[in-house]
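Reviewing the structure listed below.
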């Protein structure tokens, strides 16, 4: 039945090739997704290990438990880590998004001098290896007593989040019809008013997705935290890192499962944003 | 229309021209003013720290501050024979002072880097000098030092002290390149061990393997994604993006659970009777490569996909209907068209993997370590910050060169985030 | 983001901040069963009594982290539980504050502190003893096979006992063991190890099992390795194995031959912002009653007066009951040679 849809010149080998391609694509997807899925059932392990027990495979309800989730709630270190991750993430995102959006607007102007060089510089925190950044920050921030402080981590994470904001906002701005801005100006609105009434709503999806990237960057970052944070500033990834190095127990898997849930939510939010922004762009096209 | 157009400018009067120029400058300043806050911020938060690190690689005042008198006495010393007793007496005094203020350990550590084994010599000697009076040391310190440890009779330890006393040094760079200075001051290959060059080679090799694996896995997937019906493609895209958005540590944790001795892979293989004994997969080079391929695969798939999406499917059909074999049609028609995405993805994966730290640190064991891990080791374990800084500087140069290539051919702002 | 959102976010963050800044002092130790015992008998009672919040952080020993903090002038830790094998070195390098045990509280039986503490607990001016513990090796009865290991020679005999050996990734203890297994008498180990030939001999012996070694950083990894088959024999702090046997009913056995015993002490990082508080905590933690809780994990208390409160059933499992089979770790040797042997060891690892 499928055969009818292939072009006439297709031989048996063509069709076999197509199937092989399809199979390999799904196998790669399987490779991508399986490791993440494996974590979820393991986090309900009643035993203190990282492997499936006989009981789990036989679906014995006794072999499953919520003890590791309870372990998170009862452990002061994890609770502090969760609080810190959000606290640092939120402030780093605010700084990165504010400064990054302004800069992206400046950069998308045709009159911007040294555009390419500045762009390359602003995006470099994404490229330079974290170990180099972390080592440098350790030397430099210590001089200003910023090591072992929330402020130091917030500044560091804001710097790491900047490239993502720049990329997403410039991408939105490249689709942005500049005449709308001048129209606003010519109607007598002040540049600032025009900015907030016209530009902001149009670039909002880009700004929000940039902010989300910046937040996730901070939320997931561990190398700089390892070098800069004191015990009071431990974050979720830091806690996971030392757990994986020192005492592997399924609490880490429980945390990992929760983080997977968080990333699913982020992914959904991003997808909604993308659709909305496409819709806006669509409107833009019809008005032109 | 645009004020920058010279043809338009010519038709303007002098006054209008000046106004237009002023307007242009104003716009430039406005655009710049928007970028300046971020530039200043990044300068403080990001550029200056890296600059400090670079400086650390050549500036090392520690020894010069610890034993200034001895170093001064050593200034005239040629370095061919043992220094005279005056120098030894000064050193005895310096060591006593250091032992009392508990700084002999710091000196021992610094000298030991130039001559392995010096640490115990210095520490045990300092321990003995602590009990002597200044008088006794000034007069007979030289003998006491010689009695304390016979290694003080070796000219190497004195060369090490003199070398360590230099405030500005290329020593760390030489070490990072597996070089050293011989007695005559000429640069030569280090005799003891070739560690770092090997490690750079290994890091590049691993990054290459990872890039190639990503390409091998990513290409068919991206192709299928770009040509599948949109519903299937959407679902598949979500499956690609979910790992991309999942915490790096979660993904690394997953590989530990999969690959450990009693892990999912081993127990599955054993249950299927494919193997009798678990295979050691975790804490090897293999586990580093497979986990990093998994983590970096989306960086390959996304640019490939966006390029492939733009290729007209009728292109391949046309080539084939004209009689080209599928493989030759692919090589001569399709592949060249995907080169921009392919090079963007491959370069990005390569750049990221060269400087990777977390995954090798957690799953790499001893033989899966990369250059970043050694930098971290010298930062956190051996406290050899100068060497860490120079190893980091060399890595930085490598990365910036790759980044320049990326920016030149692909454009930094074209990095795909999904 | 509107102004309203911003202010909500700011308010939320301030809320977070006010809670996160409450911690007062950081205490660092080795985690696992040992850390749990310290938390139960020392940290929690101290917080209950004084209201001081303590952040309890894990590390895996060594002086590198303390050194980095002191040298960078970025002191993050206040009180550290440190092995005597590292204490002498840390003290001679000026990384620790001086503590005077004479000012410590009397024992529960009224004994003066200097009489109550065992001598080696107060031998160094930078720390006060916390426990007597030891490093043994252990095996899992289910995975070891028919030949059971009995001595340190068996640890280096891969023909008799095949399988992986878990060892801590540092020269301390490993080099001593290598020499003893190579026939050096126990009381000559440190003498031999201070010569170049002796060091070469130790590394050569380690070479014979290099391919069979699984390296670990933290003591808490050993029970896991023995349990999941990652290693057949595992070097371990005796308390970790003890609690795996007692608490988790694991079929582990300890081999006491050539165990290397040592003390752990409480010490204060030089430049700690909470020095007085840290001193107060150590005085509390090394009191008769808190110390008497350490045998929970088979570590001996460092005050004689604590023994009266110890359950006699655990006494045979304490390191102090096996001293004639063991060797005392030499802190002064490691203060002098820790640096250079550490470097040699790392080079040997990379070979």
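Chains here go by letter, A, B and C, matching the order in which they are written, and residues are numbered from 1 within each.
In this text, a contact is a pair of C-beta atoms (placed from the backbone, for glycine too) under 8 Å apart; a residue touches a chain by one contact, two chains touch by 3 or more.
Please read these numbers as outputs of a predicted model, since none were measured by experiment.
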Centroid-based (C-alpha) most distant chain relative to chain B: C
Central chain (by mean CA position): B
Centre-to-centre distance between chain B and chain A (centres being mean Cα positions), rounded to whole Å: 23
CA centroid of chain A to CA centroid of chain C, Å: 39
Whole-Å separation of chain centres (CA-atom averages), chain B against chain C: 32
Shared interface positions of chain C, touching two or more other chains: 228
Sequence positions of chain B contacting 2 or more other chains: 260, 262, 379
Sequence positions of chain A contacting 2 or more other chains: 49-51, 138-139, 245, 248
Residues of chain B defined as touching chain C within the complex: 99, 101-106, 108-109, 112, 116-120, 123-124, 127, 192-193, 195, 260-262, 278, 283, 365-366, 379-383
Residues of chain B defined as touching chain A within the complex: 2, 24, 27-28, 30-35, 37-39, 41-42, 44-46, 48-53, 56, 217-218, 220-221, 223-225, 236, 238-243, 245-258, 260, 262-264, 267, 294, 297-298, 317, 320-321, 326, 351, 354-358, 361-362, 372, 375-376, 379, 385, 388-389, 392, 395-396, 399-400, 403, 406-407, 412-413, 415, 417-418
Sites on chain C touched by chain A in the complex: 1, 6, 9, 12-13, 16-17, 19-21, 23, 26, 28, 31-32, 55-58, 60, 72-74, 76-77, 217-218, 220-221, 224, 227-228, 248
Parts of chain C lying in touch with chain B, wherever the complex brings them together: 62, 64-65, 67-68, 71, 89, 91-94, 194, 196, 214-215, 228-230, 335-340, 342-344, 346-347, 349-351
Parts of chain A lying in touch with chain B, wherever the complex brings them together: 7, 9, 13-14, 17, 21-22, 24-25, 28-29, 31-33, 35-36, 38-39, 42, 49-52, 95, 99-100, 102-103, 105-107, 109-113, 116, 118-133, 135-141, 143, 155-156, 158-159, 162, 164, 166-168, 170, 213, 216, 219-220, 222-223, 227, 237, 240-241, 244-245, 248, 252-253, 256, 259-260, 263-264, 266-267, 270-271
